[in-house]
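Same chain, two partners: chain A is paired with chain B first, then with chain C.
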Partner chain A sequence: MSSVMKTTRDVKGIGLSIVRPDAPDKVTGVVQYVADLSPRGLLHAKLLRSPYAHARILKIDVSKARALPGVRAVLTAADIPELKKKAPTRAHAVLAIDRVVFAGQPVAAVAADEPAIAEEALDLIDVQYEVLAVSADPLEAMKPGAPPVADAGTEADTSEAQAHGSVAGVATEAKPAKAVNISQQARLQRGDVAKALAESDVVIEKTYRVPMVHQGYLEPHAVLAQWDTAGNLTLWSSTQGSFNTRSEVADVLEISENRIKVIPMECGGGFGGKIRALCEPITAILARVTARPVRYVMTRREELEAGMPAPQVIIRLKTGVKRDGTLMAIEGEAILESGAFSGAVLAVSGVFLASLYRWPNFDVKGFEVLTHKPSIAAYRAPVAPQTIFAIDSHMEQIARAIGADPVEFRLRHLQREGDKMANGQPWLNNGAVEVLTRIAEHPLWMKRAEWKASSKGGKLRGTGLSLGGWLGGLQPTGATVRLNPDGTLQVLTGQVDIAGTNIALAQIAATAYGVDIDKVKITTGDTDVAPMTGLSAGSKTTYTVGVAVMQAAQNARNQTLEIAAKELEASVHDLEIDGGKVVVRGVPNKGITLAQIGKKGNLYMSKVEPVLGISHPAFSVQAPAFCAQLAKIEIDPDTGELTLHDFVVVQDVGKAINPLAIEGQMQGGAVQSLGMALTEALMYDDKARLTNPSLLDYRKLTSADVPKIETIIVEKPAPHGPFGARGVGEPPIVPAPAAIANAVEDATGVRLTELPLSPERIALAIANGK
Partner chain B sequence: MAKHALSCTVNDEPVEVLVQPWDTLLDALRERMGLTGPKEGCGTGDCGACTVHFDGKPIASCLLLAMQARGHEVRTIEGLGKPGALHPLQEAFVKHGVPQCGFCIPGVLMAAAALLTENPRPTEEEIRYGIAGNLCRCTGYTKMLAAITEAAGATAGRRS
Partner chain C sequence: MRRFELLLPQSVDECVRTLAQQGPETKLLAGGTDLLPQLKNGLLKPARVIDLSGVAQLRAIESANGQGLRIGSAVTARTLELDRTVQGRYLSLAESGALVGSVQVRNLATLGGNLCNAAPSADMAPPLLALDAEAIIVGPKGERRVPVATFFTGVRKTVLAPDELLVELALPATGPNSGGNYLRHTPRRELDIAVVGVASQLTLANGVCAKARIALAAVAPVPLRATGAERALEGQRVTPELIARAADLALEVARPISDQRGSADFRRHLVRVLTRRTLTTALARASA
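And then the complex of A and B:
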């Protein structure tokens, strides 16, 4: 695939900080999300959820709820013929049948005239439970004899890993007998680890823990469902991928995909949590039963208790190096707590642990473990922040132990393009070395000793950095570019624009065709009209859809030039598009306007074909993207309070199509990463019930908590990206936990290995001197 | 239960609507008056997405019963500025590329507008704390601070 596209002149397109066209609608409250839609006859849905993490349902009595005025439907599993006992995914488990497997699992559904009536109806439903023993801790859940989560015979769900397309070639192993809650298992091995560890001078073993965290999108899950009399379903959805939602809902409802139209509404944040279907199937069923439009909006409490958070990740690492810094071996175990259903991306962890750095011998095992908690989903660079927290913290400790410069030590051992990853695939072109080198040149890093030495008033000062990244996502996609009768361009994809990707795609179309951005309109179509388009996830929207748009625009340009060649009786090779006209190079007054060509494609009796550029590519080459982050901090050793004074993000974006939008991605990702580092944790009691189900107790960072985030963009072109661009969304969420932990050690001399790095943990670690 | 008649002023217009006794001000604005600019992000006053002005002060409209607004003045994002006639804060948010998903933006703007009314030339620290009740998950707040700082200069200049 050719990716280098030259236009005949500079157009207003690639590389400019152009404001996204929907910004005025977003600052005036005009833009509509699902919860803003109120069609005539609207009913409101509410779900009754289990208070227990594991229980048998003995009896459900809905008679009082059904009798409440204003209630239009009350459903239990017995009312839904499509329900299967062995639900392969969370989406298939529409309502619990005879057993609930996490606290917050829906057991009954109500549709009513008003939300308050639906809520009152929930109170009138009587469910008798027999409470069962729970698996609340993944390490306990792995042991033989632990209370089982899945029904026997349920297959592991690897579609999340496939959707992210991140790591190929990691073999999954047969699970050992009796460990009923181990749902996936993988192992990456090379060389003789035991021998290499025995020959090492410095052996370090640590266990790193990152709790379950929530993606934290501000707009809770929401869907509006309506059927027509012919049996066609329309879903207005807050989704990161309308075609994915359509497939999942069709599968659960057992209807054909062309009977479902998913209209992707403005998505109020997703970060991986709005890829898989969650409340769409039950809302569609309520709409079918009532023959009315039904809207379901999750409450924040439901989001926290029964959303699809990121897994808890526990990583044990044991490494050996020689006194001169030669890497000898790494042995590791990554345990991913997946909650009640399988679906974790296991392989990312193994590849980063075993082969971000050049370990000649490695043995890394990965386990996905089921527990009686809500099942997990992707969260921006799934499992990469947790994994980098472990491996980067570890590299820092090794460097300190042997007295090496931490940046030089990482650079010395970092895998380069062509080196083999642990799964046998070669590392592809990436900017890991460049971003790490660049951040080490930052004045804050150069002056870190002065900052540390300036500690006063009993406070401790320190600086830390970390390197992390993302292997890059792939998914087939499609786009069309049409020339309108007035000479403007119409770009159509099915891509949901959460992050500002549509403006980048429009810039690509403008540049590839040869017109200014103000002549381009981009539309996100619904599943009835848009070409098949992948998820807005995995840092692949600009990387893949950008190629589709670029090729479709090139295709439209070629068609335009061919039409012009005939009209002008000139060779296509002598033509160029300039100022809205196709002109013969060197003969500026010989030309035809794009509007004239566009009109000919829409004229009665015209023999000129309308210009319709099409591209629907599939991809095989990922573009890994790396990010380095630096934290300058101050700690009060008595209280453990950590003040973040400065934070720097250096990221390789390949080619900055829209620097303004990219800075926004880098800053937002960094603050999510800092939230994981400092404050965020879904906390469960020993009965696997969430103890902090509100945004007061689940602490996301506010504007008062973080400094302005400094961004430095590095451009190392991706060979197959559109104009050299690579994915931007995932990398900035990866490094902060390790950067902060490294800074804490610089300041205090203590090493923390469990997130979040709360004041209590920091103060206790200092008091205990470790 | 019978509905109540709520009379108040919303975005400078007198309004009279029927509300349920349990409706919050946010419910009344969104479901009874069609003003869907204020968002419900939590319903418990923790996220700030529902921020409106109540007699000129920023409040979480999800925490006030609708009938408590009787006789009071309410301003929502729809009454801050309109497409084509944006408030300086809205202009600055567009120019600085602040909105990503956009869900928190109406609340942040109302909090920032109230701050600038009370304190036309806030320091960065004062801006930081002025919008600390408004959670945003996309932007990392950096561009918000820059936009509010710029708008503060513009509005203060306009008044003087």
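And then the complex of A and C:
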């Protein structure tokens, strides 16, 4: 995958800032989402959800609900032969069988002529529960004797880690026999930590906490299911990966994959929350039972109560350094609260804690713990923001403690390409040093002392920065590029466009083939027609599918030139594509248009092959991507209110294929990161019930909270990326929590270690003189 | 949302008659910004909903013989925010209206809905308490007037009987040397619910405080007046030290709980901060 491409002429392709062509239709409401589809005979699904986090189901009586006019089906687990106990994933746990394990778990399902009738039917279902003791807190849940979450003998689910393809080679450990809720456990060790800590001059120990947070996509989970009489299922789904959805649904329903067609609809955001099948299986079953199309759209409340949020992460760190700043050792423990089902990406945390900086000795343990809460899923750079919050906050405190410049201290110890990660693999080419160096040159950082000194009117001013990143994902994929009879190109992938990637892929095709972008159309096909492809996740769409598209376009270009060579009786090596024509270099009037070649491929009795470029690569080399962020803030110490005056994002993108779209990713990621830093938390009571199940109390930031976000793109080419590009989606959600915590300490002298850094935490910490 | 029958009366009389005929499973709908989420979440499942949008009288703002002001219960938060008279004479009420939700919410949300929903955090309640407003209520037996300070009886509970309608709020005149202010704290700048809200109103005469009103939201089941703090101010020259003392005294009535919006500790802390700040601003406005 050489990143050096020979194009015969500069075309309008990569490097141009292009407004997403789908944007006008989205803002004017032309685009159809799943909730907009209403085929003839449509039924509406609703789920009855458990009010208890842990309870035995003694009896369910659905007779009244079934008798309500307009109700077409009422199902419980007893009606679904495929359901088995010990469900390894949420997708398999379609309806609770005899025990509910989180509040909001579906217990019964209804399909009715109208949504209101379906809701009334839910009111008529009588469920008798025996309420059981809950494991609501991960630290308690880890202890022997805690109320168990999974059925005994349930396997841990590591597919999320594989889906994100980010960290290999972390040995998992056997768990202590009695700690029933520890579902995964891992340990990374090197050197003699106890000895190194004993020899350290400055030892700092802190515990950092990040609560469960929700991805907050605009469009809730939604699916429409319909069967034909031959037993083939079609799913119109809001998914981040149609092939993955197909596999999961096939597995749950025990039917072959080629009987399922997943049509990936416009996806109104996913951020990791729409990787795993959530409501596809039950909707498909309702459609099968009723022999009607059935649509299910989750409400916002259901999303918050029973979606698949990010885990709560609790990280204890103990570090030792010499007074001159020499790193000695880090000891750490990361506890990931996974909710009712296993599936956390454990290893990311270990690698960042132990080896983002060059600790000669480390001992980092990771635990995945089950509790009676909704099971978790990925959220944009899963576990990286939480982990970086801990390690970067910690590095800042060490620098302050020894009186070192915080940027110089980080730069001195930062990993470099070739250094060994904690799992033994080498760090790959990345721009961590470059982005940190670049942000430290920013005027807001250079003038931070002046900003602090300018505090007035009782307010406190400060500046903070942080560095974080993502290791980069990989997954096999495929693409085709066709030459049309009019000389335009048609690109086909199965890749769901959740981030504006299709326009970037089209730009890649344009440059690789040698035509302007306006000659390229790209389509995301369904699972029946598109080449197999992976998830739109892990910052790998442009990095991997971009390579497939680039190679398919090169392949199409080569086919085109070969056809032209025959037609023009010239050598392929003397040909170039220029202005929609294949011409012989140096012989300006000898040429053939792309349209002529395209037509020959589609003429009755023609002997010329149609141009069809194909590529279906697999990958082995990741491209880590780093981002540094700076926050300039002001705090009202009495109310704890924090005003963001400026926010800067510096990110290494390898090569900016579409700078405008990349800036959008940098800003969007930063806003989500700031939400995690400042206001967001799913809050549970001691019975593990959510206390803030609405967007009024689950506080995503609004535009009133966020300043203009300055974006600075750094380009350090990724050796294996298309034209040097590396993933851009995930890095910008990583650094803000630590950057804000560092800024808060700069402004107030108070160090906060628990997110969100709410006004309450800030004001009370100042008032209590912490 | 479950199915219900929608009724659209055109006058206060017709509305009261409809309420009386329909019986208990009936809910009134003004802007719907509280009611609809409650219907959607299944907290309420009324058989009938009476939409008040056809009753023009409820949307009027009238100066009562050039003295006080009568504000219809269906006047929106947005109107209160922008109305010149309200801004001029009852600034704290305009300020509270301006804080509700977002512009879209304010265009729907009504003063009466805010009061009748009776959330402890209702933003437009404290200014009305501080302004000595009265609720004008109409039912099958005619009209009655209740001070807003005694309108609330508990969380989501008011003195209204199921067959009664809140028609208007009567605000007495404030006089020339009077100034008020409403402040609340929310973790988010917009689209958030008060963790604590405080309204203060000071009236000066001959350099001393002739009348003081301080009303608190979200620190008890109902919005309430901090009468101890008020008494400490009345008859005195208002200094920063006195304001600080009044802020401490305001705490006496607060009985905050810890919930998803804030801890009891933080709420107590905020009562002090916001009382101090609103009194300081009210004093400046009264002196201006």
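Convention: the second predicted complex is superposed on the first by the 770 of 770 C-alpha atoms of A that agree within 3 Å, B and C clash if a C-alpha of one lies under 4 Å from a C-alpha of the other, contacts with A are read in each partner's own complex, and residues count from 1 in each chain.
Quick note on the criterion: a contact is a pair of C-beta atoms (placed from the backbone, for glycine too) under 8 Å apart; a residue touches a chain by one contact, two chains touch by 3 or more.
In this text, all values refer to a predicted model and were calculated from it rather than measured experimentally.
S.K.: Where does A:Ala23 make contact in the superposed view: on chain B (first), on chain C (second), on both, or on neither?
M.R.: Only chain B; A:Ala23 stays clear of chain C.
S.K.: When the two structures are overlaid on chain A, which partner does A:Ala704 contact: first (chain B), second (chain C), both, or neither?
M.R.: both
S.K.: Just chain B (first), just chain C (second), both, or neither: which does A:Leu696 touch?
M.R.: In the superposition, A:Leu696 contacts both chain B and chain C.
S.K.: Answer with first, second, both or neither: which of chain B and chain C does A:Ala150 touch in the superposed model?
M.R.: After superposing on A, A:Ala150 lies clear of both chain B and chain C.
S.K.: Which partner does A:Ala553 contact after superposing on A: first (chain B), second (chain C), both, neither?
M.R.: Touch partners of A:Ala553: none, neither chain B nor chain C.
S.K.: Going by the contact rule stated at the top, is it chain B or chain C that touches a larger number of residues on chain A?
M.R.: It is B that touches the greater number of chain A residues.
S.K.: Have a look at where A:Ile335 lands relative to chain B and chain C in the superposition and call it first, second, both or neither.
M.R.: Touch partners of A:Ile335: none, neither chain B nor chain C.
S.K.: Contacts for A:Leu253 in the overlay, against chain B (first) and chain C (second): which applies, first, second, both or neither?
M.R.: neither
S.K.: Please indicate which partner A:Ile315 is in contact with in the superposed arrangement: first for chain B, second for chain C, both, or neither.
M.R.: Neither partner.
S.K.: Examine A:Val223 and indicate which partner it touches, taking first as chain B and second as chain C; both and neither are also allowed.
M.R.: Neither partner.
S.K.: Which residues of chain A are in contact with chain B in one complex and with chain C in the other?
M.R.: Residues 116, 299, 694, 696, 702, 704, which sit in both footprints.
S.K.: Once bound in the complex, which stretches of chain A touch chain B?
M.R.: Going through chain A, the ones touching chain B are 17, 19-20, 22-33, 35-36, 38, 114, 116, 215-220, 266-271, 297, 299-300, 498-500, 660-661, 663-664, 667-672, 694-696, 700, 702-704, 706, 708-709.
S.K.: Which stretch or stretches of chain B touch chain A in the complex?
M.R.: Residues 20, 22, 30-31, 34-44, 46-47, 49, 76-78, 80-83, 86, 90, 93-95, 97-106, 109, 127-129, 131-146 of chain B touch chain A in their complex.
S.K.: Across the complex, what residues on chain A touch chain C?
M.R.: It comes out as residues 115-117, 119-120, 123, 299, 301, 638-639, 641, 678-679, 683, 691-692, 694, 696-697, 699, 701-702, 704-705, 758-760, 763-764, 767.
S.K.: Could you please specify the touching residues of chain C with respect to chain A in the complex?
M.R.: For this pair, the touching residues of chain C are 1-3, 37, 40-42, 45, 102, 185, 187-193, 195, 259-263, 265-266, 269-270, 273.
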